[in-house]
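To start, the structure itself, in structure tokens.
As written, the chain order gives the labels A, B, C, D and E, with residue 1 at the start of each chain.
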Amino acid sequence: MKLATMFQAGLPYLVLTGGLLVVMIGVAIKRTHAVAAVLTIVTLIATTLSHIVAYSALGDGAVQIDSMFKIDGVAYLFNILFLLAALVVAFLGSEFLNRRIRFKEEFYLLLLCATLGSLVLPAAVHFASLILGLEIVGISLYAMIAYPEKARPPLEAGLKYLVLSGVGSTALLFGMAMIYAGSGSMEFANSLPSDGSIEGQYFYLIGNAFFWSGIAFKLSLVPFHIWTPDVYHGAPSTVTAFLATVSKGAVFAVVLRYAIEGNVLDSGNVQFALSVIACVSMVIGNLLALLQTNLKRLLAYSSIAHMGYLLIALLIVESNSALGYETLILYLVGYFLMTLAAFGVVSVLSMNQEQELDSIDSVCGLLWRQPIAGAVLIVSAISLAGIPLTIGFFAKYYLFYAGIDGGMWTLIGALVVGSAIGIYYYLRIVFTAIKRPAEDAEAMTGLPWTGLGILAFLGLCMLVFGIYPTNLINLIQNVVQASGF
Amino acid sequence: MNVLVLILLLLGAGVVAWFSERVSTKLPNWIALITFVATTLWVLVIWFNGPDAAGLYASLRHEWIPRFGIELHLRVDALSLMLIGLTTFLGIIAVVSSWTETKTRHGFFQFNILWVMAGVVGVFSAFDLFLFFFFWEVMLIPMYFLIAIWGHEDKEYASMKFFLFTQISGLLMLVAIVALVWINYNISGTLTFDYFELKNANLDSATARLLMLGFFIAFITKLPSVPVHTWLPDAHTQAPTAGSVILAGILLKTGAYGIIRFVVPMFNEASQEFWIWGMSLGVVSILYGGYLAYSQTDFKRLVAYSSIAHMGFILVGVYSFSKLGTQGAIITMIAHGFSTAALFMMAGALQERLHTREMSKMGGLWVRAPRMGAVTMFFVVASVGMPGLGNFIGEFLVLIGAFQKSVVLTVFAAIGIVVAAVYGLSLMQRSFQGVPNPDVPKMHDFAFREMSVMVLLMIALVWVGIYPQSLLQMTAPLLPGLLD
Amino acid sequence: MGLSFLLFYISAAVAITTAIMAVTRKNASHALIYLVVTLLSIAVIFFLLGAPFAAALEIVIYAGAIVVLFLFVVMMLNLGRSSVARESQWLRPGMWVLPAILSGVLFIVFGYTVLQTENSAMIEGQVVPPKEVGTVLFHEYLLGVELAGVLLLAALVGAFHLGRRYLEERREN
Amino acid sequence: MHLLWAIPALPLAGFLILLLTEGRLPRSVVSSIGAGSVGLAALLTGYVAWQVMSSDSAPFTSSSWTWMIVGEFNVSFRLFVDELSLVMVGVITGVGFLIHWYATGYMSEEEGYSRFFCYMNLFVFAMLMLVMGDNLLLLFLGWEGVGLCSYLLIGFFHKVPEFGYAARKAFVVTRVGDTFLIIALFLLFHQVGSLEIQQGLIFARENMSDASMMNTIICLLLLGGAVGKSAQVPLQTWLPDAMAGPTPVSALIHAATMVTAGVYLIARMQDYFMLSQTAMLCVAAVGLVTLFIASFTALVQSDIKRVLAYSTMSQIGYMFFALGVGAWSAGLFHLMTHAFFKALLFLASGSVILAMHHEQNMFKMGGLWKKLPIPFIAMLVGSAALVALPLTSGFFSKDAILLKAWKSDSEFATLFWVVAVIAAFLTSLYTVRMMVLTFFGKPQSEMHELKKESLWHPNRIRTVVPFGLLAVLSIAGGWMGFEFTSDLFGDKGVHAELHFDLIAFLTLGIPFAGIVVGYFVFASDLIDRRNLIKNKMSELLSKFWGNGWGFDWVYDTFVVKPFRFIAQTRLNRNDVVDLFFNLIKFLANLFHHILSMFQTGHVRWYAFTMLGGLLLVLLAVVWV
Amino acid sequence: MTTALSIPLEHVFFLAIILFLIGAFGVLIRRNIIFMLLSLEIMMNACGLAFVAAGARWAEPDGQIMFMFILALAAAEVAVALGLVVQLARRFETLDIDRAEELNG
């Protein structure tokens, strides 16, 4: 591979890293929030745009950089998705920081670091790049979660995430070590023991058990889900939005590649374990959310369920990897939109408050008190429930299609059950939002227009893609096919 | 003629109505009314223009999501046209009946009504399964809003229950649709959601049975039939008048339509084997619904349970697999749309005047409002199945069709006629007859607005009752396609 | 079979013992000292496994830097004698049971499975010299090193943000 | 050119006019529309009857309006008149007109005057459809329509809850019969492939064999329908309660026309019944049992209208009996004469009741013959016909029935005949009792102050004319209807022969015997009535008879009460099926709470669950 | 060049898993956040050991390189973690992790 091609393909990474450095230097020279914010946003936009330039380098297929990275169209799609999400977070975050935080600039550095980490993952084809990408996101997030100075919940959330994530990471690492010991390679493509000796198999299997446990932690799948609500709850909503979307999406992107290149699912046992995890995640996640009264916790539990749904996309890759990628990307697009919107609403509403307005009662009558935020919240709840006119429906449709394509009837059953439970609490959000507001409900004024604008945009996207997803689907399908899946 | 225009018109009018609220609180009502009148006229025009050579009144076919072979495929044949006509007509009724009922958010109210109707029109005209499902779900959300915002005391529970039941059963249907498409794809190599292609899919009988069940459950939940009927009484009771009218008059019909249009033709063999279950469920619904109707003390709940009983006739008719039964089911759909809509409107009118639906707090209302009494009597009599009115035609055809399939079940279904008399007359007795209740406030009788609507409905019912042939001859050419 | 063989098991035993001591001590400084011993014995094992460079890093960075960082914090927070008393209050034997059982079961499952491996692979202690490590590190894993840099940068920024506030507010007091 | 369609159209028009004007018309206009439309229909009937009689051609049919066609199923609105229908149409329009006329006076002081005639006209229309319908579905339309009108009119005074109950009871009980009828329709369609009556009869004659099980079932189902409408055992319980309606209603619907619809139905479907011995036997038995039971019950009633109601039941029992033993024309003849005299009786009793402040208890009347001479005479004439005194219309028809019964070739002929004769005896017994209690003896209570100007005043012309016409018919109807009805079914042979034998003597004598015994028991002081009643045995018996032989009690205890009891329990009202869904909800909530208990917020516990999860995954991966 | 060691691979992994579990055990029993982090370090070390052992098995440098990455990771994590610990001590005025349980349910 020619060096120039590699540079061109890696351009987004370079731009982002460069931007990161520029922001850091800028901050070092003079602390100005506006400058930092603008620089960050410019960096993110530039990185997004740089994919256009970089895409031509891919030619027909992928660009392999050393043994650690394989950059292809799919990775770019993920990248753009993550970058756009990061952009939303940056916009929301700038308002949030502006109004509630004293020391603002480091946030952008952490955000850019986390974004870089998440961009690493979709292209990773090696355990080293996997763990490094994962940990860059993780380390940045610890600090981002605990970012506010005075309140106790963010700190508690940060600590919990750090300790538990530490345990998760060690499990992941230990698993990798065992897989490596079994197979002799840390590249995904060679990670299956080639000689098929029993010895290798056992190391390999135990390794996978540890590995997937670690991954399940990162994806907050049952039974490794238990930290999720606390961390989502404690973190500032803006950060939660990032945590719930980009960090999950990135992990999915990488494990999907691992599953495809490493043929992990050839092992019936691993497949079985993952199926069980998927099933219980769908059901338990939804059950946990059922009567939850805290909006952020509720969304956290629901994200557990959504991660369970998404495992279908992972499990299908064994028989139909293209469909798996398609499902994953489309679902993530939908999931990103709705999750960002939902947490975005909480974030925007809490802008002027000391404490986050995260109780479900605080959105009572929102549609009438604050029409844009209310409408977006309703649309995102409907979308999360997978009801038509919203992207969530097509996302769920893809899952059904993938599930049926793979003949995973148990999972489809769990998906139906899970969705059924889910409708209940999503509708509760909707119902609360359209209720007649309490008499003494204070008027919500002075909400930032940027925030509301972003929300409106997200809501609109959900609806537009929910009615005419054809272009999006075609794009995804073309890119996935071009990437050789 | 383009049916999409109709749907878009309804959707657009909804949005306009919503925003027109700022101009005047009455403006949304007028916009909705004019829209429904216009669409009804539109339906009448294409009705009189007659079908084209293929028996279609309107059709449209356009690519939507080529990735999965999903198309925007709308067709209006006689059955669809009839039901679309019913929809737009009841739209007028719904708007007029709630003219003074809503006190807040008039614009959003009419928006929801118009959007429900748009969804329903889509359901009745979609010939692409995905599109069908899409509309099927789309009509739920505005309906949910109608109940949840303008409903009565227990609106949260009722709206939630309504949504959960229909949505969960809808999920089963989605699974069945996707599975059907996928299987067809594996056999024929084309990925398509087209009704006609899928109708000819070569399924082995076990698969067909399972898939059929997926559809069937969704449709009987909407219909609704015992044992998945329990959402209906709550939803109807709590919904605002217009909501009840739409729910009973039209939304239930989508379930019946689904069975007639999809379950039976697409899984013909499986359905044929299934007939005993379908008919039995119908019979149980007739008897159990009727019985529970009698037990109720709430005016609306009583009517709601009676709907369950009437819908049971549709199941019986369809699963008799005869022309008579199917025609009977279709007529029942139309006639029940009229009669129940009127009864719910009556319940709404009473609630508006008395602030209660509890019949123990009524009694002797005839003295206060003889017109309302007479009107109620008419529709009770209609729903009891009096010959000469629409409901009788439907039920008679259903029973006579079913008789050839199963004597025993038909006999039980016929007992439902007696039960209907029991609850129908007890409704009449408890509300309008008997000693006038001294606690009842002074109430004004029906005035022009309400009366004119009721007269329209009465004329419609009599028309169906004495000249059902006008409808029967329209649908007759469709029957072979639906039955075999 | 030789000295290194024996050395491995001795080091292993030391590592296990001191690790247990480290997690169960009440005095933080003591625990850290035990941890250092653990790290040293692991370093020995690294050496025996033919990874002298790793062994060196283990001592230099782990024992030398990270543990010292811990010690700083321990001193900064003044975890003295009172904290020892508090620790003994917190460390009730009853609390140990479930974790111990869980760890035990995990070990048994792991051990049983691993022991089923036939024709087990032997580690011959083939030395991979630092040079080779370096070559590979800065060749194939070059991007990994860069990423590790970003990782540390993120940690730096994070620690700076979290720690700075503390310092500033102390100055205010 | 015949104006067949106009006969039902006139009352229908009357109904529509009255409906649409919503009672805003002056009463005089309402009267003329209400009674006039029926009167015109009666005139038209006469015209049509003349046409029919004067032509030898096939029965008349009107042009048709397609009702519905589905595949082979084809019914239309077509009217059909033959002699049988003409008898019915004549009775309906003729007697109906008189009753309407009477009612214009009777109802003059009631609320809802216009509503009353509205319903009455609708009733006449429905009844005409019933008898003129060319197909069974049209018949069924009329059949249900009269039931509805009966319901509406019984509950006409809707403020009284008991009346409402009676109305609903009438509707529901007859509906049970209707269900049999509709099932019969299904069967007929299944067999014949058409619901056209004539086509069905031809089919029966040509294709059905005597022993056909199917035929018997069809007949029994038809009988079930007839039994409901005609208040025969076991569906008779509604009729006495139906007396809650205004008296003209009782006269028209519950005496003259609607209740005889069952008779008409069986007569109309004659060809089916003739083929089935069993069915015929059942018809006869039903009639006889009703006759017997009703007569006894009538004997102990205190309410004058209830006496008449039970009497109606028993007379219709005679008609059924006649049909059952093959005396088709006799049965129809009796139908006609009964319409005359029973209408007369009811109308006369109505006048009495009005005069007595709506008092219907005979024990509170007495000695009225002087004060109310015209009703008295009318009642006397009616009673004479009812007990079948010679030369009254009732005599001819009843005699024909008894004779035919005696001569029938059924193995039970003698038994039938004996029971019928006993019932005839009872008839005169209770008639005498009624007359004695009402018109003779001492006055038991105050009478209404009769105002001359009251429209209903018994001496006014508009009351007297209907009385007079009906009285004439009650006497002379026997002679004029004789020829007319006897050739309906081609069994005129029975009547042609004059007979002077034991049977004739008995038939002639029984009414007199009844009157004599009645006189001694109820009027003279020769027998101490109190002793007769005080007897424990007779007390029980009279209670048993008085309650209609306990049918009401049985239905109430075994059907109505359980139905209501279960319906009114809370569990059921809230829908038992919902329990299942509530269980699901409960379980979901339970699981939610259990799972939420794990979310303690303690990091160490979280880590513990993670390690536990690791163990589980390890087990799953390694050992599954 | 070898160190003349010849032991089964499993034995090293036994050691690694034991250390791993001791670390986990420590995390589970300690309420003091400092000890928790210390236990976490032991777990990290166990992972490092496993990687080095795996690398030694294949006689490749990759294991050691991964160990170095783990070192960086541990260092980064400790840095942030101790920052949090300091904050914990300030805002909750304790090092008892069990006191940080305001977020639950």
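Simple rule for what comes next: a contact is a pair of C-beta atoms (placed from the backbone, for glycine too) under 8 Å apart; a residue touches a chain by one contact, two chains touch by 3 or more.
Remember, predicted model here, so these are calculated numbers, not experimental data.
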Worksheet entry | Path length in steps (a step moves to a chain that is touched) from chain A to chain E | 1
Discussion item. Just to be sure I understand the contacts, which chains border both chain E and chain D?
Written reply: A, C
Worksheet entry | Dominant chain pairing [most C-beta pairs in contact] | C-E
Worksheet item: If you take the mean of the Cα atoms for each chain, which one ends up farthest from chain C?
Response: D
Worksheet item: If you take the mean of the Cα atoms for each chain, which one ends up farthest from chain A?
Response: D
Worksheet, complete the sentence: One chain's C-alpha mean falls closest to the whole-protein C-alpha mean, and that chain is B
Item to complete: Would you kindly tell me how far, in whole Å, the mean C-alpha position of chain C lies from that of chain A?
Response: 31
Fill in: Rounded Å distance between chain A and chain D, as computed from the means of their C-alpha atoms
78
Worksheet, complete the sentence: Taking each chain's centre as the mean of its CA atoms, chain B sits from chain D at a distance in Å of 38
Worksheet item: Between chain B and chain E, what is the separation of their C-alpha centroids in Å?
Response: 65
Fill in: Per-residue multi-chain contacts in chain C, two or more chains
98-99, 102-103, 106, 110, 113-114, 117, 120-121, 141, 144, 148, 151, 154-155, 158-159, 161-162, 165
Item to complete: Quick one: which residues in chain D touch 2 or more of the other chains?
Response: 596, 599, 601, 603, 607-608, 611-612, 614, 618, 622
Worksheet item: When you check chain B against every other chain, which residues touch at least two of them?
Response: none
Discussion item. According to the definition already given, which pairs of chains are in contact?
Written reply: A-B, A-C, A-D, A-E, B-D, C-D, C-E, D-E
Practice prompt. Spell out the part of chain D that touches chain A in their complex, as residue ranges.
Written response: 588-589, 591-593, 595-596, 598-599, 601, 603, 606-607, 609-614, 616-618, 620-622, 624
Worksheet item: In their shared complex, at which residues does chain A touch chain C?
Response: 17, 20, 24, 65-69, 103, 106, 109-110, 113-114, 116-117, 120, 128-129, 132-133, 135-136, 139-140, 142-144, 146-147, 149, 197-199, 202-203, 205-206
Practice prompt. Spell out the part of chain E that touches chain A in their complex, as residue ranges.
Written response: 9, 13, 16-17, 20, 23-24, 27, 33, 36-37, 40, 43-44, 46-47, 50-51, 53-55, 57-58, 60, 62-63, 65-66, 69-70, 73, 76-77, 80-81, 83-85, 87-88, 91-92, 97, 100-105
Discussion item. Quick check on the complex: what are the chain A residues that touch chain E?
Written reply: 127-128, 131-132, 135, 139, 142-143, 146, 150, 152-153, 155-160, 162-163, 166-167, 169-170, 173-174, 176-178, 180-181, 184, 186, 203, 229-230, 233-234, 292, 294, 297
Worksheet item: Which of the residues in chain B end up touching chain A in this complex?
Response: 63-68, 104, 133-134, 137-138, 140-141, 144-145, 148-149, 156, 159-160, 163-164, 167-168, 171-172, 174-175, 178-179, 182
